[in-house]
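In what follows, a structure is listed as structure tokens, so that the remarks can point back to it.
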Amino acid sequence: MIFSVVIYSAPYTSESAANALRFSQAVVDNGHQIYRLFFFSDGVHNANKLAITPQDEQNLQVTWDSFIRSNKLDSVVCVSSALKRGIIGADEARNHDLDSQSLQASSNISGLGQLVDAHMKSDRVISFG
Amino acid sequence: MSLVLVKSVSPTKKTFTYLSRSAPYGSNRAQVCLDAALATAVFEQIVNYVFLDDGVYQLLKEQNADKIFTKTIGNAMETLELYGIQNIFIEENSLRERNLSIDDLAIKVKILSNKKLAELIDSSDSVINL
Amino acid sequence: MSTLHTISKPPSSGLLNSCLTGVSENDALLFIEDGVYHGSKFSPDLETPHYLTLFSLEEDVMARGLNQSTLSNINIINYNDFVDLCVRYDKVVNWF
Amino acid sequence: MSTLHTISKPPSSGLLNSCLTGVSENDALLFIEDGVYHGSKFSPDLETPHYLTLFSLEEDVMARGLNQSTLSNINIINYNDFVDLCVRYDKVVNWF
Amino acid sequence: MSLVLVKSVSPTKKTFTYLSRSAPYGSNRAQVCLDAALATAVFEQIVNYVFLDDGVYQLLKEQNADKIFTKTIGNAMETLELYGIQNIFIEENSLRERNLSIDDLAIKVKILSNKKLAELIDSSDSVINL
Amino acid sequence: MIFSVVIYSAPYTSESAANALRFSQAVVDNGHQIYRLFFFSDGVHNANKLAITPQDEQNLQVTWDSFIRSNKLDSVVCVSSALKRGIIGADEARNHDLDSQSLQASSNISGLGQLVDAHMKSDRVISFG
């Protein structure tokens, strides 16, 4: 069955971001397919590539990144949520003359159309927030 | 009032029901819910939009968020119809618990009973709930 | 159709009541995160329609010091079961 | 001593009741953000002790389509007044 | 039980009262409140720690958050005393509304009545409320 | 009178981050002093320097930065909140071999002691979350 997962919450502040990741892992483990991850609102902070955590704590952003890469998932951060929250990819950094970028390369910035498309193409969409 | 609970009419169209449950401004949930619904309408899907719980406060007349540097949600409500979203509902109990009458509201909406809300959710393909 | 409703806020939030305005006969509720206090002996008695099956997520139950003996009438399930429920019900509505 | 309590969540949150367990005779309440629905005709009647003075923040009141005619027994104040209140009371406790 | 409501004893010491009102794990508020209180104790200030509303759930026995990859708050409660915080209270109504008895709790706490909570807040220099 | 202001909320998601800024501005406008701004938990996202907003919308992070600079304020982001959320200054970027940094230079990363100190040295501490 084809799933998509929508994440509304920032990492660490709410349990739901970590819960979304555990659920997504279980979807894959049970032989289902993930059509898309969509990071919306504060959820975009999960795709920040600059996070540094103490050695005895889970780095949620890195865990998302590994999960996305190892399963070759389509991961989208909502453009209007991301840019104003300082989640910036290489293209945006170049276009706005910024010396830094913060978006994990495993996620792409795109519009809300990708959320609607996820609902249209998936058998189930599960949201965490 | 007779309610038409719209279901999918073709394999390419799905029925999306948005439940907007949050007061405006204090959090961005009202705006996020609205943005997602408008995007859905652009894709020519079938959209139901329901104001529930504190979400009914979004419909109060004479809102003006200029001084808190935010878009005024009450005005934005009119965009629902501009985007072709016609099934705009307000849940009956939420309205009554807040002493609201239809005259207090910025746009015209249909009143939805408890029972009809459950039917609407049941008959939808996707429910987005904020 | 049938719907799986997830609820992730504690009883004090009133979220369960909102959810109950939207449930139908073939639906089920799954309590996750702080929602797992629902149905425990440490929260008000659940007043859910008899036709609803109730689930709680094991990882969240255990984290909070709850267990089957403090959660009557609740089926405790793990993440694999959570995925199975998503398949078994026609859609999922997340209340948060 | 005297305390100014700010409340920034709507009546449905139950936050006012929590706050009221902690108020004393010389205190005041200031409603801000989604707290400004308190005391409006669109929310349950306020049951606050008579000795509490009640304030709401003008910018938040106006944003939400409320005004003095829908807010009885509430003093509507601006940000400068908010700062003055912080000075006038011995401390501020923020409920959010 | 007799309650000692501690006030500032020297000009360099202030009385901080922490109100921990949130259930553990669902949000980080319980942990944030605890961290701030421990830091306050390190600065040798006077600290009162009060569990209120859903915050009383933090005290349930046999918590184990390993499977959700988080620190177990129930264990962390013991650090309050390790840091010299002795005025640990649980609000009476919050306890009763949740059918909790002292035997259900992971650490020893004093029961605080409604009225005493107001006195504690009134007599504090700073109140941190999460 | 001496104030400190504590910000627990991310920008845009909750009104309280913007409210904290308007309040802080009013404190200064009324002739009072701000001893410290302390960004805690998700509040650290207000100190992200990479935010890009549409021209007709307020850039809250830039407005904080201007406010802090023009009033020469002491602005602290909590170290344990910031690093795991990807709010990284020049030092941390260097120490961890990161190619980018995200912290506004007008804020400093420091510990919770700065919050306690703010409570000890200020007449009033106001929190927004």
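Should a chain be cited, it is by its letter among A, B, C, D, E and F, assigned in written order, with residues numbered from 1 in that chain.
To be clear about the criterion, a contact is a pair of C-beta atoms (placed from the backbone, for glycine too) under 8 Å apart; a residue touches a chain by one contact, two chains touch by 3 or more.
Quick caveat, the model's predicted, so the values are computed rather than measured.
S.K.: Averaging each chain's C-alpha atoms to get its centre, pick out the one most distant from chain A.
M.R.: With centres defined by C-alpha atoms, farthest from chain A sits D.
S.K.: Across all chain pairs, which one has the most C-beta contacts?
M.R.: A-F
S.K.: Can you work out the whole-Å distance between the CA centroids of chain C and chain E?
M.R.: About 29 Å, centre to centre.
S.K.: From the mean C-alpha coordinate of chain D to that of chain F, what's the distance rounded to whole Å?
M.R.: 26
S.K.: By the touch rule stated above, which residues of chain C touch at least two different other chains?
M.R.: Residues 8, 12, 33-34, 59-60, 91, 94, 96 of chain C each touch two or more of the other chains.
S.K.: Would you give the residues of chain F that are in contact with at least 2 other chains, written as numbers and ranges?
M.R.: Within chain F, residues 8, 12-13, 15, 19, 22, 41, 125, 127, 129 contact more than one other chain.
S.K.: Pull out every residue in chain E that's touching 2 or more other chains.
M.R.: Answer for chain E, listing residues that touch two or more other chains: 25-28, 53, 68, 70, 125-126, 129.
S.K.: What residues of chain D sit close enough to touch chain B in their complex?
M.R.: By the definition above, chain D touches chain B via 8-10, 12, 33-34, 37, 41-43, 58-60, 62-67.
S.K.: Quick one: in the complex, what on chain A touches chain B?
M.R.: It comes out as residues 8, 40-41, 80, 111-113, 115-117, 119-120, 125, 127, 129.
S.K.: Which residues of chain C touch chain B in their complex?
M.R.: The touching residues are 1, 3, 18, 21-24, 91, 93-96.
S.K.: Could you list, by residue number, the parts of chain E that touch chain A in their complex?
M.R.: Listed in rising order, the residues of chain E that touch chain A are 25-28, 68-70.
S.K.: Contact residues on chain E for chain D in the complex?
M.R.: Touch residues, chain E against chain D: 19, 21, 52-53, 91, 93, 114, 117-119, 121-127, 129.
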